[in-house]
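Notes for the one structure printed next.
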Amino acid sequence: MWKSIVYKEWIKIRRITIILFILGILVIMGIYSGVRHDLVLTNAELVWVKILIMKDVYFTLLKFIPLIIGLLVGFAQFVPETIDKRIKLTLHLPVNEETVVLKMIGFGLFSLSLVYGILLLSFYSLGSYYFPYEIAGTSLLTIVPWFMAGLAAYFLVAFIIMEPIWKYRIFYIIFGTAFISLFFKGGTVGDYTPVLFTLLLLVMLSSISTLFSIYRFRKGEL
Amino acid sequence: MIPKLSRYFLIILATVVLSQVLPAIYDNLFDVRINTPYVSFGAEKKVFFIYNHREGKGPAFMDSKGENYTRDQYLNATPSENYFYHIKNGTMPDSINGIRVDARLLQRESFNQMTFPFEFSQPEYKLYPLLESAPEAELVWPKDFFRIDDGIQFIDARSNHIDEAKSVTYTGIMKKAGFVFPATLVAGMPTVMKQWDDGWFITDKEGSLFHLKMVKGEPYFVKIAKPENLKIKKMVCNSYSSREFYTTVISDDNRIYLLRSSDYKLMELPIDDYNPNTQSLQIMGTLFYKTVVLISEGSIKAYAIDRKYNKVAEYARTWPVKADMPVGKIFTYLFPFSIEMQPANSHFVHFQVNTSHSWRWIYLNLLLLALSFVIIKRQDRKLSSNIFDLCIVALTGIFGFIAVNIFANKEY
Amino acid sequence: MVNIVECKNLTHYYGKKLVYENLSFNIKKGSILGLLGKNGAGKTTTINILNGFLTPRSGNCFILGENSRNLSPAVKAKIGFLIEGHVQYAFMDIYQIEKFYSGFFPGWKRDAYFDLMSKLKITPRQKIASMSCGQRSQIALGLLLAQDPELFVLDDFTLGLDPGYRRLFIDYLKEYAKAENKTIFTTSHIIQDMERLIDDVMIMDYNRVLAYSSLTEFMTSFKQYNFEVEQTHLPLEKDSTIINYERVKNTVELYSYASSDQVRFWLNTRGIQSKNFRKVEMSLEDAFIGLTGKY
């Protein structure tokens, strides 16, 4: 059963996931290409001064990429499930309804985590090549909330798409936007460090939200 | 069971989000401008001068005895504080308080320093540049940056590698002076927009204070004598032309000291009610006096201190804060608490829960609770399956009310 | 004879509007029940309740012994479901969709599926989304046959198909069902198709069931009588004898369960002069329209 579910989910998201993964890698390479360029063209210490003392952020290009990835993978995975109320097909499969939806979300989560993990690793590795761990590590801590926002966006998109009634979908969209905005209130590098764990808890709270939509669908909200 | 759980999670999440978003929107729409007065001490008249900006009218000047001044009167009464004006107009006196003065002297001795609460709570990279302290021409950035963990390490910016020789040399010198690694505080003023650089003031693992400089390429490192019970919380360095003190030291028990440059002595300022969490610390210096002003939301306290570090005058004033105004009062009727992510006293992001100082929100909570009962009854739902909802509304008021209604608890 | 499906006292509303109340029916193993009704009469509602997609306001359905509100995976594996419009995971092609479904059913019959697929004229990796309605219906049928369930629930299975495909579907299905003793519950708009397929019929109108019996019984008991009249004003009204009537110029079509004599007696007592009174043979479609009216 797992195999079939993974098979179907992968068919839906493989193209967008691979494309966005490549996009993410290109953005990261572009960011460090810019760093390398600055280091070559100006005195290296001035680049460090810009970062350490002017608190310049050299990686803002990456800011909304994880969010976009989470959103688009969510769309790619769940829009095909709701066209023509196709969710009926999924709910009719000889498996527990909640389990099958959780497995679908689980697969999306797994794919996203893999993509995000590789992107974060690449970002940190390249950062460590050019900069000491204080800069590479603080930069990493600065981008972690953006990736968490991507995960939250994925969970919420699935939840919103699967909600049967438009009136509630609008409420959820407004709520989702407000929630995601919490991840982007940063003013300076490394400022989210004290609340990363809290944010993770909030993301986890949103992780099973799709079960609520499915429950409402099963009870006849068509 | 699990769908119910997913709904509860969503409600909790929405309540948290709303308790940040709704108060923030309210503040954004209904904010009030509260003007903080500007206080300085006039050396000649030995009174505090308070300058207030008033809506619609021009600035108002007053002294601590209550007398009003026009702008010109104020400027005339404060030649040593406002020497620029007098020099421009040619009205500068030759001597003040029996001392011959000229513009250069006044300028050299004057400074104005502000330390905000968030400076005690902000992210730091912990990499620092050691500049050449006494350059032949202007200051330049060094080619490396240092960190101090179990030794001092200089990292070359171009190669991102440690300069082993330099690091070993400096580490040795620091150890010899009694430095116990790692560093706990490193304070300096890293900029090239000044005449000279005083290097870095560093506390070690045991809290001892040291001074690190590079003079003509050679390391300079000394231990600074300090009372055993003085634990340093923060140091604010400067490059004032008077070169009177290297840095302002704030201790763990919130006492303020100036580290005198001539002899490395810590001169305590006679201030005992400084709270860095809620107050901004302003220190203004002139030839004659230092004025320490503690500014918080709704209050200002000023102290005039002479060159012997004695307090010669004080002034205090309060004014209404937002919480006392209608805007603030309505806030307390609406929101039992709020979550602030960017509190004023930190540059970190927090999930700071601000509980209300009054009980006014009870009315709205009860109203919403009653409304929830009505809604449940009208939709023919059982009370017993809505206990969670009602509790959330009772506890969190408008946040919970919106949350439980966005995620409908229909019965099928 | 065991009942594969037992529904008791189903009552459902859409908001405040009543769909039906106290609907009860059974489907015996090996029989084919057809549900006929106009749009909005509650056909899809019943299908949704059977599948557990809808919780009725009151009443219960038991499928293979389990309450439809909470079907276990084991029972779901024995139900083959065809969604109105042959809705499928159209982003897959026929190989992917077979591979997907086969993972869920231990007794999956690959050959049944691919036999049917060999009759399709499609390119190998063609996505289902780009296929015609008829081709999609063939895929749906193939998947059902490969699943080999005990109960087929088919919602409007001939919708959008042209006559050739409809005939193919019905004949294949009937032969297969009878050979393997399968049970089928189906709805459709196209009454001629139903006539070929079903054993039992249930006819629904707004809020109520008008007929529920075996097809043969229904067709023999429900009759159409035609006669000519010259009177302009006819005191015809619906009652227990006269189920429905329609006047076109001077010809009256009258529908009743009563015998020919009983109807003539009824007409005479009301002073209706009938000429050329005759019983007319009906198809199921005629009977349906006769029962439910032309609007």
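All chains are identified by letter, namely A, B and C, in their written order; residue positions are counted from 1 within each chain.
One rule holds for everything that comes next: a contact is a pair of C-beta atoms (placed from the backbone, for glycine too) under 8 Å apart; a residue touches a chain by one contact, two chains touch by 3 or more.
For clarity, every value in this text was computed on a predicted model and none was experimentally measured.
The minimum number of touch steps linking chain B to chain C comes to 2. Here the chain at the heart of the shown protein, by mean C-alpha position, is A. No other two chains have as many C-beta pairs in contact as A-B.
Computed centre separation for the pair chain B/chain C is 77 angstrom, with centres defined by C-alpha atoms. Put simply, the C-alpha centre of chain A and that of chain C have 47 angstrom between them.
Annotation: 35 Å between the Cα-based centres of chain A and chain B.
Touching two or more other chains at once are residues 412 of chain B.
For chain A, residues touching at least two other chains, in rising order: 219-220.
Across the assembly, chain C contributes 55 as residues in contact with two or more other chains. Within the complex formed with chain A, the residues of chain B that make contact are 2-3, 5-7, 9-10, 12-14, 16-18, 20-21, 122-123, 125-127, 129, 141-145, 147, 155-158, 160, 190-191, 341-342, 347-351, 406-408, 410, 412. Of all residues in chain A, those touching chain B in their complex are 39, 43-49, 51-53, 98, 129-132, 134-135, 138, 168, 171-172, 175, 178-179, 181-182, 185-195, 198, 202, 205-206, 208-212, 214-216, 219-221.
On the side of chain C, the complex with chain A involves touching residues 48, 51-55, 73-74, 76-77, 79, 81, 83, 85, 87-92, 96, 99-105.
Against chain C, in their complex, chain A makes its touches with residues 1, 3-4, 7-8, 11-12, 80, 83-86, 88-89, 91-96, 217-220, 222.
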